[in-house]
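Take a look at this one; I'll ask things after.
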Amino acid sequence: MVKFAVLGCGRIGRMHALNLARHPRAELAYVYDVVGDAAAATADATGARRAGAIDDILAAAEVEAVLIASSTDTHLDLLVRAVEAGKAVLCEKPIDLDLAKVDASWERIRDRDATVMVGFNRRFDPSFKALRERIQAGEVGPLEQVVITSRDPGPPPVAYIKASGGLFRDMTIHDFDMARYLMGDMAAVHATGANLVDPAIEEAGDIDAAMVTLVAKSGALCQISNSRRCAYGYDQRVEAFGAKGMLQAGNQRPTTLSFWGAAATEAKDPVLNFFVERYTPAYNAEIDHFVDCVEQGTAPLAGYRDGREALRLADAALESMRTGATVRLD
Amino acid sequence: MVKFAVLGCGRIGRMHALNLARHPRAELAYVYDVVGDAAAATADATGARRAGAIDDILAAAEVEAVLIASSTDTHLDLLVRAVEAGKAVLCEKPIDLDLAKVDASWERIRDRDATVMVGFNRRFDPSFKALRERIQAGEVGPLEQVVITSRDPGPPPVAYIKASGGLFRDMTIHDFDMARYLMGDMAAVHATGANLVDPAIEEAGDIDAAMVTLVAKSGALCQISNSRRCAYGYDQRVEAFGAKGMLQAGNQRPTTLSFWGAAATEAKDPVLNFFVERYTPAYNAEIDHFVDCVEQGTAPLAGYRDGREALRLADAALESMRTGATVRLD
Amino acid sequence: MVKFAVLGCGRIGRMHALNLARHPRAELAYVYDVVGDAAAATADATGARRAGAIDDILAAAEVEAVLIASSTDTHLDLLVRAVEAGKAVLCEKPIDLDLAKVDASWERIRDRDATVMVGFNRRFDPSFKALRERIQAGEVGPLEQVVITSRDPGPPPVAYIKASGGLFRDMTIHDFDMARYLMGDMAAVHATGANLVDPAIEEAGDIDAAMVTLVAKSGALCQISNSRRCAYGYDQRVEAFGAKGMLQAGNQRPTTLSFWGAAATEAKDPVLNFFVERYTPAYNAEIDHFVDCVEQGTAPLAGYRDGREALRLADAALESMRTGATVRLD
Amino acid sequence: MVKFAVLGCGRIGRMHALNLARHPRAELAYVYDVVGDAAAATADATGARRAGAIDDILAAAEVEAVLIASSTDTHLDLLVRAVEAGKAVLCEKPIDLDLAKVDASWERIRDRDATVMVGFNRRFDPSFKALRERIQAGEVGPLEQVVITSRDPGPPPVAYIKASGGLFRDMTIHDFDMARYLMGDMAAVHATGANLVDPAIEEAGDIDAAMVTLVAKSGALCQISNSRRCAYGYDQRVEAFGAKGMLQAGNQRPTTLSFWGAAATEAKDPVLNFFVERYTPAYNAEIDHFVDCVEQGTAPLAGYRDGREALRLADAALESMRTGATVRLD
């Protein structure tokens, strides 16, 4: 039994809290949110205690693990404090929006050898996980090309966008991590962005569509296409190609129904709408994996460095979009 | 909170017990099995108490609902006793193998107006449920033809088959219920059986493959194909056809991966292997629905009469197979 | 170069005439139709000569092969006369509607050892042909079950239906032949018919939907479902099942496009509308095969006996539908 | 009837010659190849006359149209001479490898108002054609993103590659044209190339895999992925995405069969192997369209400017690959 506290009870924090409350090897001891009502509602729904302050949680010796799902600007500070308080940490992505701060913080905590995991939930999706395993088993031969499709069903509020660090650090960061998950470290990035969805996003200084090319250190190539809008749901697909063929991971639907009529045939349901629906099994598997790591002291599948590298790729993409040039990474 | 007891802790009973233990509106108070070790294991896994005798459960006033998952020959007796003890009952299919007994028992309990539900789990499968709703919404027009494909991954042990009442009462009974779920009551049955899978099944006096034609009272036609063996998993599909088109419900797989190689393209995983894997969401929704019925006093979607009618169709199929003639139902 | 005459210039005859005119190893010398204008139009379109009378064609020594596409009631007489005139014959299905006449005619021509082929075009469809080859190569193991789906896009005129011999002899006859093509000879037939599409068909004494069960001499089972109406086009599918798995042959569409939108995803075109569109490659391959048989003196893949057996199954289905009983074939 | 001469009787020239010989509104008068045997073989197969010299063809008043399928280095010279001789021209892609020469030649012939068409066969593929029509009909709303997948089954001989102008001008040129066909003119190009398939290609100074990003003048984005190797056949797919959804054009297979077995389900045939197999209907429709243009004096769907623009994109891609920078087009 691993005792948890959840910091941040917004949409994602609450979902994690509910998952922890049902988990056979976890116990949710505390929840906290700066908005007291949010913390109270999650405490009610899960039977956890509502902590009065973060320090109470960090001081509670019985709390072994902290799940950080608060606003992005608080992630890194909470992560460091939790590690320094001797806790294992599962932190939502991104760790932070400032690579220099990410690196400086690492210097502070690296010697503690703590269990620090970053919430790259897609690594735990059964299809993407199987995709990676089958690539590694050599099913398509050495990877040559990867094509990642990633579209959100609709844009978030402009207020969210303003604090998000921009599309590359907020949304593409998952795809950068997926590229690294499948292909390893990257040698070069080129990115193109566009404003196609909502003028308010442009006014807020961000883009709402992008196409990115990555070159891996292995020599393999990767393309990512992003949009903040997708009429048919949350479009999350990957194709991985090598000399022996291609593996495709497709979208997911609530039923297996298809309709055959006068105007169309094999018409299926729209795909699952967004991350909570689509990645439910992934979020559960993510918690499972983190509990394993805490119990057994093993390294998480998505560690601090993975969070750092994805941010570095996002920064490079931003630079490439601004200059038009391919950005080489050491 | 509905307090439950589970009678029978074999594969299905244990699965139900675990589902009840996790259910937010149910509480699993007791489990019972004639095999003490089975009961003890399920009690351990769920935190329920192991009852020393069925009568203890029936006498326990706080137990509102009984889930019967014991061997088929005990179903009907337990069902009647539980109803007479004032419990709501969720009974695994088939209620019994003897239609006359089923009808006689009904006479004993009909006036009690108890909540009695039969475990036709497929009615709660999200895809089949949506299929029915879309048929009823008129999406294909009045139903004209239904084709049901139902193949088990492999045959059960011969000992099971000997006690099963035969393929029609044990396996096709689900498909008879699916036909009634989608099309209403039946007017005629024709069945053909064959021994294609395992000679031991023939020696045990049963068939292992069948093709059945049903005529509904509405005039619509239905075909069922069954096999006790299926190389690619648990083959569970339905096509429903009317003037405006067709709705198909397909098989389900663990991932969305497909492989494209030199020998084949779009090759997907084998389908989910058997009822526990395939119908996990259905079993959960079934319990949900039953708890709703108990709490609100509403009629279950699969009642005693549905259990009786499916058995009647199985008996008619057996007669048709023996005589070669179409059996008309009043 | 094989010199042909085409008898009958209706929709099918004209299509065959055009195919022959373009065929590199065939030459279309004559066309004939009792309706002079039909013959003239086809002669114009193909460059063939319009014969004044059938006897002129039968007397023309240079004509090696006759393609019979006239009305069904003339098929058998023309077939016998053509064989007796020393011609090779490719006759549209059905040979005739009267099994006794079919057998009597056979007695007249059997010793002539002529090339007589029946136009079971589906045997030459690339997908059904590959299906059969892969079955015979053992890909699914010995055949255990076959499911044939066969729906026309819409019913023919009632006048056509009145002369057609009924759904089993006119439409299902193709599916009976497909069953024999894949499974060999049949041991038993059960059929159920219904009137679901157009009351005028019932008034004309015919059915417009059917479900048929066949038992092959091998012990394998087969189901056929038919309808005279299908909203999404010409529904022509086959599933063949054995211990090692299943082979499916699906429908065909004019493009590979699929649409993903807010209401549906992977929505494809309606399937090709009817036999001329769907079986274009099959009709070409059929002529190819017939020319091969004439040139090399080899036996056609669909011979007189195949035409006879399909008719026998249709007759048995009709009897079964009338009596409700399974009809055993010797 | 349009009278044709075919210049160049290699693989593509011979295919065109055979298509012309069967075309109802075309007549193939002459064929020519510098290799006499190739010309003779095509003349034999089509019934055309073998010209002794190109000048004989250009001087033949009855020849209205010339199809140029000779080696790339001869295309532009032959095109200009044919136009100056008053012929309509259908020229295989690319027009030439030197944009300056392409522009200079245009100055020579632009005032003649001749029918000049470039053989971008994919514009005539039924699926891509329908894709464009449905985009233009507004089915997905204004285009926002296009993803083009284009992989050859295997690399051509190194000798071919050395004369090809490189992957962008030889292979991607089709994809550049597809992008323009669907999205209109382009504003910017970024390209990345790699050597992943065969070291001999690198030694020959070319790449064998590429990923390209295009920005259209409309603001829409496009990605192209290319490989000279594809285990499962000729991979030719397009996705077009807008606010209302996505249209996908998929690969094509010889049959509709799928296999369901213990290791995989829905396994389909490899896709059609290469351009002759995949684009057979497109090549036929291309000739049809060109004959229409010649007969009616209308502008071809793929004109000289389209050939020029695709080459310009290829040149820009090459520059981008060398510099790493995005190349802006005026």
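Order of writing sets the labels: A, B, C and D. Residues in every chain begin at 1.
Here is the rule we go by: a residue touches a chain if its C-beta (ideal position, glycine included) is under 8 Å from a C-beta of that chain, and two chains touch if they have at least 3 such contacts.
Small disclaimer: the values here were computed from a predicted structure and weren't measured.
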item	value
Label of the chain whose CA centroid is most distant from the centroid of subunit A	C
Pair of chains joined by more contacts [C-beta pairs], B-C or A-B	B-C
Interchain centroid distance [CA atoms averaged], subunit B/subunit D, Å	58
Length of the line joining the C-alpha centres of subunit B and subunit C, rounded to whole Å	42
Set of subunit B residues in contact with two or more other chains	231-232, 244-246, 251, 258-262
Interface residues, subunit B side, partner subunit A - complex	22, 126-127, 130-131, 134, 139-140, 244-252, 254-262
Touch list for subunit A against partner subunit C, complex	231-233, 251, 253, 258-271
Partner subunit B, residues of subunit C touching it in the complex	144-145, 147, 149, 151, 188, 190, 192, 194-197, 209-211, 213, 215, 219-223, 225, 227, 229-232, 235, 241, 243-246, 324-326, 328
